[in-house]
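Consider the two complexes below, in which subunit A is the common component and subunit B and subunit C are the respective partners.
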Partner chain A sequence: MTDAGGPGAIARLRDLLEGQNTLGNSTRFWYGFLVVVGFIFAYPFLTNPFVLKVNTDYFVWMILALSLAVVWGYTGIFNFGQTAFFGLGAYTFGIVGITLIEVTGGTNVAILAAIVVTMIVSALLGYFMFYGQIRGLYVAILTLAVALTGNLILVRTTNTTIGAAELGGNNGVTGIPSLTLGGGPLSFPLGITAQYYLVALLLVATYLGLRILLNSYYGYVLLAIREDEDRTRMLGYDVRKLKLIAFSLTAGLAGFAGALHAAWGNFIDPTVMGLTAASVPIIWVTVGGRDTLIGPLVAAYALQSISTKLSTVGSGYTNIFLGAVFVLVVLFFPDGLIPAIVARWRERTADGHDIDRSNTTEAEA
Partner chain B sequence: MTTPQHGDERAILRTDGLTKRFGGLTAVDDISFRLPAGEIRCLIGPNGAGKSTFLKLVTGTHRPTEGTVHFDGEDVTDLKPHVRVRRGMSLKFQRISTYRELTVEQNLRVATQRIHDGRDATRRIDELLDLIGLTAEREAVAGSLAHGDQQWLEIAMAMATEPKLLLLDEPTAGMTIEETRETGELIQDLVREGMSILVVEHDINLVRQVADRVTVLNQGSTLMEGTVEEVTGNEDVKRIYLGKQAEGTA
Partner chain C sequence: MAVVESILRFLVLLLSFFGTLALAGLGLAVIFGIMGIINFAHGEFIMIGAYSTSIAYGAGLPLVGAIVVGGLTTGAFGLVVERLLIRHMYDRLIDTLVATWGLSLILTQAVQIQFGGTFGSIPVPFGTFQYAGFSASMYKIVLGLTALGLFAGTYAVFTQTTYGLQARAAMQNKEMARSLGVDTGRIYMLTFAFGSVLSGIAGGLFAPLTVLTPTMGSEYIVEAFVTVIVGGTNVLIGTFGAALSLGLIQTPASQLFGTLGGRVALLVTTILIIRVLPEGISGVVTSD
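Now for the complex of A and B:
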């Protein structure tokens, strides 16, 4: 690890990816990771297109979960309206995609537009919040209000068109193009399997990219901001600016996920900015363990697949299930399930050297 | 603005006519203060004398109603706190403000990484851990440390930014006599390395141990300035402290 040469590349990569700010720094973890990724990429050979299609959307939700884990779990900015940015990205992709698909033949510009628009809007909101000294739960209230306002505006867009896109009020935007690869006249739309592979690849890249970020200089700063803003300022960091950047980048990631979602279903409607939609990612992240990346990933996938199954039983069961899981986890495992499992596992295997983070902090609280 | 007096060029910290009013209350009233480079100065005074407000004006947490702050020859009155820190000012808060849920090492990394990166930071963290005797607690969560150890961790974090001026707000609060003495020795070591230090302190034993000079604040103004002997022998100083006790505030 210290000397160059030999297996240098892998060691250097692990150096970047690993650190005390993320779970999973052992060789065993990476073997497990490779097995899971291998399975994901082999999955199309084992199942039918319908299952692939459903899983593609789960992967999109997992990207949304990661964005919320970073801004809320790691940075301490309780963004209750992350789905507002998800929805904004989806609508932007829909509007730009429908308008341009005939002209450019592809969706690259629409994806880019979705990211840029969400980042600009979130940066404006973030500027007023963070430079206006709004902190803590007020951020949650304000961001939720933004999502709900977005919902109210969108349901009143019947007969409204932007570009070639009909917003459609409650009925939503239909006919959104699927993702394309390539550029200009050489663009071609992706089939179900190709889209699955692309989104899976993007998910893995997002996870690894965020691990590098969180174990870098900026990861430590984000944690420091979560823990104590005043202290962090007096160590020479421009806290407001850094919060604004974190808020806007994670919103951009959510907007990107929103664009993928709109392309996946060729459709988006205002419920994406409703109260239920805003709560669901909060539940995934809380249940999985908000100051980890792996927890929200696992929880988003598990809870979404269970929700899908329940929704075939009857309406309403999904929300009751999610609500019950949320309450139970908050009561019994306030740091989330994955950190609790890791702590228990370390207790059993460790020689007393490993520090049990979750228990220590609880005992102190 | 007053014209700089002779010899001010080597003052690491200088305030001129510094005043802070909160509504009708004047918390800091026209303080003109000089701290020569390389000195340990103790700032004392009864509760409500304006010590904390004065520190907050120096760090930039509060904006002065009137007056200016010069740091290392530069007018920093309009600079934000984090910019002043980057210029070489560092503060140890009065309250314990380590990152309680992070490990000792994570705490120190946040503090050091702005100046050192990668392996240099690790080396610097090792040095700091050694200095404050917490090498064995490296992976412990900061909130689980004993009170005195948290105070030291805090001091180490303030030092990690490699300041020219270290501001310590009651560094020995809650420490045992032995810990207080060790903290005093640490402060003296830092000055030998070239830092200047301003300490707000109630513990007269620490003041006697470390102070080159003492500034006494009372009701927002400078009551007097002098050596420890001069200050402790002064009738006015005795009166404000005894007067405070006579009122039975304890």
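Now for the complex of A and C:
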């Protein structure tokens, strides 16, 4: 990922990417990272289009996991309705995409619309929550109530059309266009492999971008808000505004992921805003470790793969499995599995230093 | 005549919405008010109440007896959940929320596997209430009155029993209560069980009005959440006031825009109210 020339450029880049707010600051980590990214990009040569298609969606879910990790894990805003924004993005993409299906570059507009609409809606909701200064648990149940009410509205949209799109109630929106890059004579629709590469690239870019954000000054302020809101306010920060911005930006990211999901499946239905759907990202982030980025990524991929396998076997036990993993991790590894593994691994290696998991993520220098 | 009819229609609808909001929210509010935690499996507790009521009713018990069975079954289940799960997380509020959410997933799926998609329904009792050209299901009126009765019962529990006194002490100042010899762990256990009983009774009361499905809990959870948000931490006055004021919004909204409009109005009202009253109605009555 670093074609930036000499060692000086790499050092500067690492300086931006690394810090005590994210796991993985050693040279060894970056070698591992390059190996994984290399494997992801070599994967199309090793497997069939079906597996690629499935993996593309996993990558989309991983972007959603990242958005929740930042807003919940790092900023301490209990946004339990992140799927409302994911679903809103997906529906917006579907509606705009279908309406502009004849227009070249229509899907680019649709992606943009998905991000803008989710950011506006989340900013409105965020304004009332954060400027009303409601407390943590209220945010959790209010955001979930928003998602569930969204589901209720979407279920009742049989025979409703917006633009050229038929919302279709429980049956969902069908015929959503796939992504087309560029516009005019330079536009080209993306095949399965190209979509895979695009989404993989977006995922890597999102991960690295969020690492830069979290290790920047703004990232430290977000963590300060999570650790002690009152003290942060007394230090002169406008906590309400900062929370609103974080909430709205991560909602926009979730809406973006939703748009990618709708483009991926050419379909979206109201279950994305249901109670089960809302719990799934929460499970990834909790199981992976909510104050890391890498944890939710790994957990999202692993749990989605296992869920898919379980449901293809035809057992009805997927949710029981997810629920049980969820409850057990919360009981025994409240900080998540990846931080627990990292802590254990550091204890074993001779140069391990004391890890105080109750505080912020300890960095390996 | 027409005026009397439309007033009656409004009042009956209000009573029924008030009843649904209050019943859906009360169990959650008791647990939230005393213990400060939100039970995300609350909807599934209502579902368990409805299912066990239906089983008891199918076994030949009269409806009232069946609802009592539903409440007690849910209470016993709540007790087990408290001992196995909640007890370990008294000081980790967000973890309780997350863990009970996991529980909700497990319960929904387990009921789906055990009982399938739908379950034996209960016919609506009491017939209809008739006045001139206006008629309404008598049961919906009973639902609202029962909610009032449950408020009175909860009030009695919190004011007349030793448990109630100690629970209020634990809510106001946990450390002080402990140093005065109150076993707060036991109080929390009983509170969770009490809240579960109330949720179970609510489920039993809802059973004749709805289709029993494993996901029926999510039908009531939004109502429960908005009632608790608008009500705040004051279990009785807060929840009562919230159910009444939200009912006053939902009634005209659903008359004008239909059922969906009524429910959207609930959410919009709640979002607007928190901007002015972040602590809900409790913040008004207990201002210091």
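Here is the rule we go by: the second predicted complex is superposed on the first by the 339 of 365 C-alpha atoms of A that agree within 3 Å, B and C clash if a C-alpha of one lies under 4 Å from a C-alpha of the other, contacts with A are read in each partner's own complex, and residues count from 1 in each chain.
Here is the rule we use: a contact is a pair of C-beta atoms (placed from the backbone, for glycine too) under 8 Å apart; a residue touches a chain by one contact, two chains touch by 3 or more.
Only a predicted model underlies this, so the values are computations on that prediction, with no experimental measurement involved.
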Field: Contacts of A:Leu223 with subunit B and subunit C, given as first, second, both or neither
entry: first
Task: Could you figure out whether subunit B or subunit C reaches more residues of subunit A?
output: C
Message: Contacts for A:Val239 in the overlay, against subunit B (first) and subunit C (second): which applies, first, second, both or neither?
response: first
Query: First (subunit B), second (subunit C), both or neither: which does A:Gln20 touch?
result: first
Message: Just checking: does A:Ile320 make contact with subunit B only, subunit C only, both, or neither of them? Give me first, second, both or neither.
response: second
Message: After the superposition on A, what does A:Thr286 contact: first (subunit B), second (subunit C), both or neither?
response: second
Message: Just to be sure I read the superposition right, which of the two partners does A:Arg12 touch: subunit B = first, subunit C = second, or both, or neither?
response: neither
Message: Quick check on the superposed pair: does A:Gly136 touch subunit B, subunit C, both, or neither? Answer first, second, both or neither.
response: second
- request: Would you mind listing the overlap between the subunit B footprint and the subunit C footprint on subunit A?
  value: none
Query: In the complex formed with subunit A, which residues of subunit B make contact?
result: 59, 61, 80-82, 85-86, 90-91, 93, 97-103, 105-106, 109-111, 113-114, 117, 139-141, 143-144, 157, 160-161
Query: What residues on subunit A touch subunit B, complex-wise?
result: 20-21, 217, 220-221, 223-224, 227-228, 230-239, 355, 357, 360-361, 363-364
- request: Write out the stretch or stretches of subunit C touching subunit A in their complex.
  value: 32, 37-38, 43, 85, 88-89, 92-95, 97-99, 101-106, 108-110, 112-113, 215, 218, 221-222, 225-226, 228-229, 260, 263-264, 267, 270-272, 274-276, 278
Message: Considering only the defined contacts, which subunit A positions touch subunit C in the complex?
response: 78, 125, 127-129, 131-138, 140-142, 144-146, 148-149, 152-153, 156, 274-276, 279, 282-283, 286, 316-320, 322-327, 330-331, 334
